[in-house]
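Shared chain: subunit A. Partners: subunit B in the first complex, subunit C in the second.
This part shows the complex of A and B:
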């Protein structure tokens, strides 16, 4: 029987170290099986969280070879096939570690609560009549309702790793979108206004959240949906919205990007001037040509027609 | 081998050197790149923030133009690849008729007959590493290269699905085929932050510094990336990035086509290496 090794990141409250555990591989088992085996047979001090063993509670998410995954539902055979028989097992990234693989959810829960991710029902509902919605309306938020708060999306989020002060965990944006899209909720305006101040346009587009989610959510797409809604509500005078519109304008005007205009439209004149050292650097290497004005592409009239047709279809 | 070539906007702008290098390398390898007449900006991962359908329709037109040429569409930019593949996935998954009612007004139809690929994938899957090896005139022996994939050639895996997003090896395999040695580094699969140039600029600068420093610490002579946006971000922001992390060694950042070109025996000027900001002189000495 072949051996499998877990190289586990351990933390005893003071010092961090890596400990290796090797045991016999058995086909058809999960990552969690290995952790339980270690705790029961090799080292009772190894600490981790797990509860439902059915991919419902979200408690057992860990990082295996740099990828967040639910320990209870991820087949060991799959990860061995991907990464080999020596696996690195760490606590989720972008969380404070309490002990070994156990992370601190308290600060995350506070941040989540700050975004009021609960239903604020329309006035037509009451305790007596309840808060029902049509199946078709629930279907619109069905995917987001599947979030089990396992933290996998946050673990690999590049923006949180760079700076978590001005950005929230991706699951929070997914949940905020869920309530904005919920036909029973009356607080869309307040939610959008609040989330704009909580990093809505600061996502780096790394797509890790969508990639890591074990329940098929795409927080990155929900961020785009929140941005679309904010624009529809008139919040256009910010770097993110101006930048997005700069692309649309160039596509409509000529078909292709004009980098000089992009900078001016996204950053304004003063903002662009602050990037003067960068612009100079690019000019000197011939990478920036202020006199490059792309002409209209062949078939530019098609673009105009298509964009007009899209607008009419969405009226 | 023949492709409908979608260069993307940056190859006409701040990443001209990648256009020069890509066309030069394609010529030597005998890969025919026919530029798509009338291609437009893909929306650069920003257009969907205004409207999903606009993003899908604009790229449906781009793909339809390649279909008219009866060729697979090839890009050299990760984000273009993602935007085009995302549109194609939506079109093939139920939006085709709806979008075609819009395209019809412009006299175009999306059929779904052209695949969308990237230069890296085309080299590995279509051209073949053995064939590439056969074309190497000046093996890059002794050159250590940090393979930096960039997000949008790997993620989301449901749309990109060329290789395991967590454990990719195509870029390292190309590096080996060229005679160079790939070095592992901590930031290999991380994000360069380019798309947040205007919204999270400080983060992007810090990421640039940390990424290049990580490659320095791994002993890399250069970074290579299949994405011109990653290249641009890691190269042009490097002075600020270095200052942010306190790293004094410059890290050259090459486009995939430039690394291949060097091994094919093309001269640095034929690959426009001098258009880069960071550390190109040290790299030229190393490969000369």
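This part shows the complex of A and C:
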């Protein structure tokens, strides 16, 4: 029988270290089976959480070889095939670690509550009569309602890793979108307004949240939906929206981006001047030529036709 | 000292519903204590739906029909006054949680969709695809965030403390920092869920369903009612025991034996697959016993086949269970039948609630709701879809009852609380220091084994006698067992030790109830007493702790309308 090794990131409240555990491989088992085996047979001090062991409670999410996953539903055989028999097991990223693989959800819950993620029902409904919703409209929120708060998206979010002060966990945006899309809810305006100040335009589009979600949600898409809705509601005078429109205008005018114009349109003259040191560095490396005003790309007419078609389809 | 007017323990559907209700009352300090993060609860694993006569799918459905279906489903062990109240409250509870935000599947008129479920005379199970419990749990959590409920996550209940038959508060372990603290409360709601993990090897339950609240209440002098009534869900995945929703039968799935025969025709010719869970579970085990299952011994199984259903029905209404079958059984139900076998699912018995209009228990200040409680509305067999209805209806009732009690009572001193906390601190030190003895998992596994084989679906006097001896032996062994982790920081090994202790307490009561109930009723099947015996056993088992002794008595079932009759499906 072959051996598997878990190299587990451990933390006892003071020091961090890596500990290796090796045990016999058994076919058809999961990552969680291995963790339980270690705790029950090799080292009772190894600490992690798990509850439903059927991928609906979100308690056992961990990082295996740098990828967030639910330990309970991930087949060991698949992971071994992909990474080999030595696995690195770590707590989720972008969370405070309490002990070993256990992370602290309390701060995340506070941020959730700040985003008012609960239904604010329309006045036509009441607690006595319930609500009405078209079957098709239920389907629009069914996917987002599947979020199990496992934290996998937050773990791998590159924006959160860079700076979590001006951005929320991706699952929060998915939840906000769930309520904006819910036809029973009346508070779309205030939700959108609130989320604009909570990093709506800060997403880096790396789509790791979508890649990592074990329940098929796509928080990245939900962020895009929230942005579109904000523009439709008229929130155009903010950095993110201006940037998007500058992007669009460049494409429409010439078929290509002009970084300098993009900056001027998104940030204004004063805002752009703050980027002067960056511009100097780019100049020095030959990556910026202020005297270069390229003309239209070949086939620019077709681009205009495409944009026209998109606008027509959105009417 | 940490102090609440109302403290709710457990954050599943009933706990959060109770906390919301208590939080609505002006001027009460309400706390919600839970041993993990609130959305990890067993409620989230409920799939199929929630029963209530909202008459969307069948305008001819009536409260009377739901009442009778539940009484008959309970094999006449349910208290009819409680059941009648329950079914009358359920429709408004469902409309209310729609208004609170539960994303329900919808019919052509935008109303909540309803499906067929086992043992019901109308399609009255409201659902959100096949993740109804999940949808409900997360909505309750959202509402708790909205209401600003004070949530104590990662707190393990250790004991309920009383003085002169009145509540003083609880002692609990703050798992994050290892502090054992007394918490004073005027009233508490125990909503800690079931104890299905007694059957560790085969259960749908999460690792956390360890009967903590039931055992703590029992130690505090509150009896357990009908502990022997353990539901085995017919369709657990064969290799893991993970739940395949009753919706697979509700939407039209067939149960087949190895000869490809729809064997339910022999056991429930009318209802077929839509008979109640006790009837279907027994039928499956009978098929396996008579050699018509696939495989052998512990690995034997039958299959549930949904390949004949419209693909869109599966993709839209059963996508969750399809994912589970693929992930955990490596079978795609679109193409192949799913291997299944009964698995421990639900504890119908529980903390003896003596007033279904408040959820009060015998100890003043202590209330109970949900699977931890026994009202009894489920009797000897719960209908699928009645548990989510139970937790919404009685979570609210308990929250209201506890609030009312908190208004009427003063805090009743802290003497015993301080003493109990100190005793637990001492117990922690001694327990984690032990080096020689059995390990906690080894005791747990032997408990689960004897429970599965001797106190499982089929029971008899000799097996139960043996189980009783084994459980007593394990309880003795437990006193000196080794935990293996002395840290105060998030010590899950110590939590597991507490949980196994609670399960042993419960297992002893289950065995005792089963040994003395010399009849077969609902889920309680005695080989040696195959018939229901209304003359001797139309009554609730009551097990109470006197000193260190378990005492068993009986209490008559409340029969208001329906005299026991033969049960056919």
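The rule is simple: the second predicted complex is superposed on the first by the 310 of 315 C-alpha atoms of A that agree within 3 Å, B and C clash if a C-alpha of one lies under 4 Å from a C-alpha of the other, contacts with A are read in each partner's own complex, and residues count from 1 in each chain.
Operating definition for what follows: a residue touches a chain if its C-beta (ideal position, glycine included) is under 8 Å from a C-beta of that chain, and two chains touch if they have at least 3 such contacts.
All of these numbers come straight from a predicted model, not from anything done at the bench.
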item: Combined model on subunit A: subunit C and subunit B, fit or clash; value: fit
item: Contacts of A:127 with subunit B and subunit C, given as first, second, both or neither; value: second
item: First, second, both or neither for A:248, with subunit B first and subunit C second; value: first
item: Which superposed partner A:119 touches (first subunit B, second subunit C, both, neither); value: second
item: First, second, both or neither for A:282, with subunit B first and subunit C second; value: first
item: First (subunit B), second (subunit C), both or neither touched by A:201; value: first
item: Which superposed partner A:315 touches (first subunit B, second subunit C, both, neither); value: neither
item: Touched partner set for A:15, first subunit B, second subunit C, both or neither; value: neither
item: First (subunit B), second (subunit C), both or neither touched by A:148; value: second
item: Minimum C-alpha separation between subunit B and subunit C after superposing on chain A, in Å; value: 17
item: Subunit C-contacting residues of subunit A that also contact subunit B; value: none
item: Of subunit A, residues touching subunit B in the complex; value: 65-67, 82-83, 158-159, 162-163, 166-167, 201-208, 210-211, 218, 224, 227-228, 231, 239-245, 247-248, 250-251, 255-257, 259, 266-267, 271, 277-278, 281-282, 285-289, 292, 294, 297-303, 305-307, 309-310, 313-314
item: Of all residues in subunit C, those that touch subunit A in their complex; value: 36-37, 39-42, 44-45, 92, 94-96, 98-101, 103-113, 128-129, 131, 134-135, 138-139, 142-143, 145-146, 148, 151, 153, 176, 206-208, 239-240, 242-243, 320, 323-324, 327-328, 439-441, 483-485, 487, 489-493
item: Parts of subunit A lying in touch with subunit C, wherever the complex brings them together; value: 12-13, 28, 39-40, 44-45, 47-59, 73, 75, 98-100, 102, 104-106, 109, 112-113, 116-119, 121, 125-135, 137-138, 141-142, 145-149, 178, 182, 184
item: Interfacial residue positions of subunit B with respect to subunit A in the complex; value: 9-10, 12-17, 37-41, 43-54, 57-58, 61, 65, 82, 101-103, 105-108, 151-152, 155-157, 164-167, 189-191, 193, 195-196, 198-200, 202-204, 206-207, 236-237, 239-240, 274-277
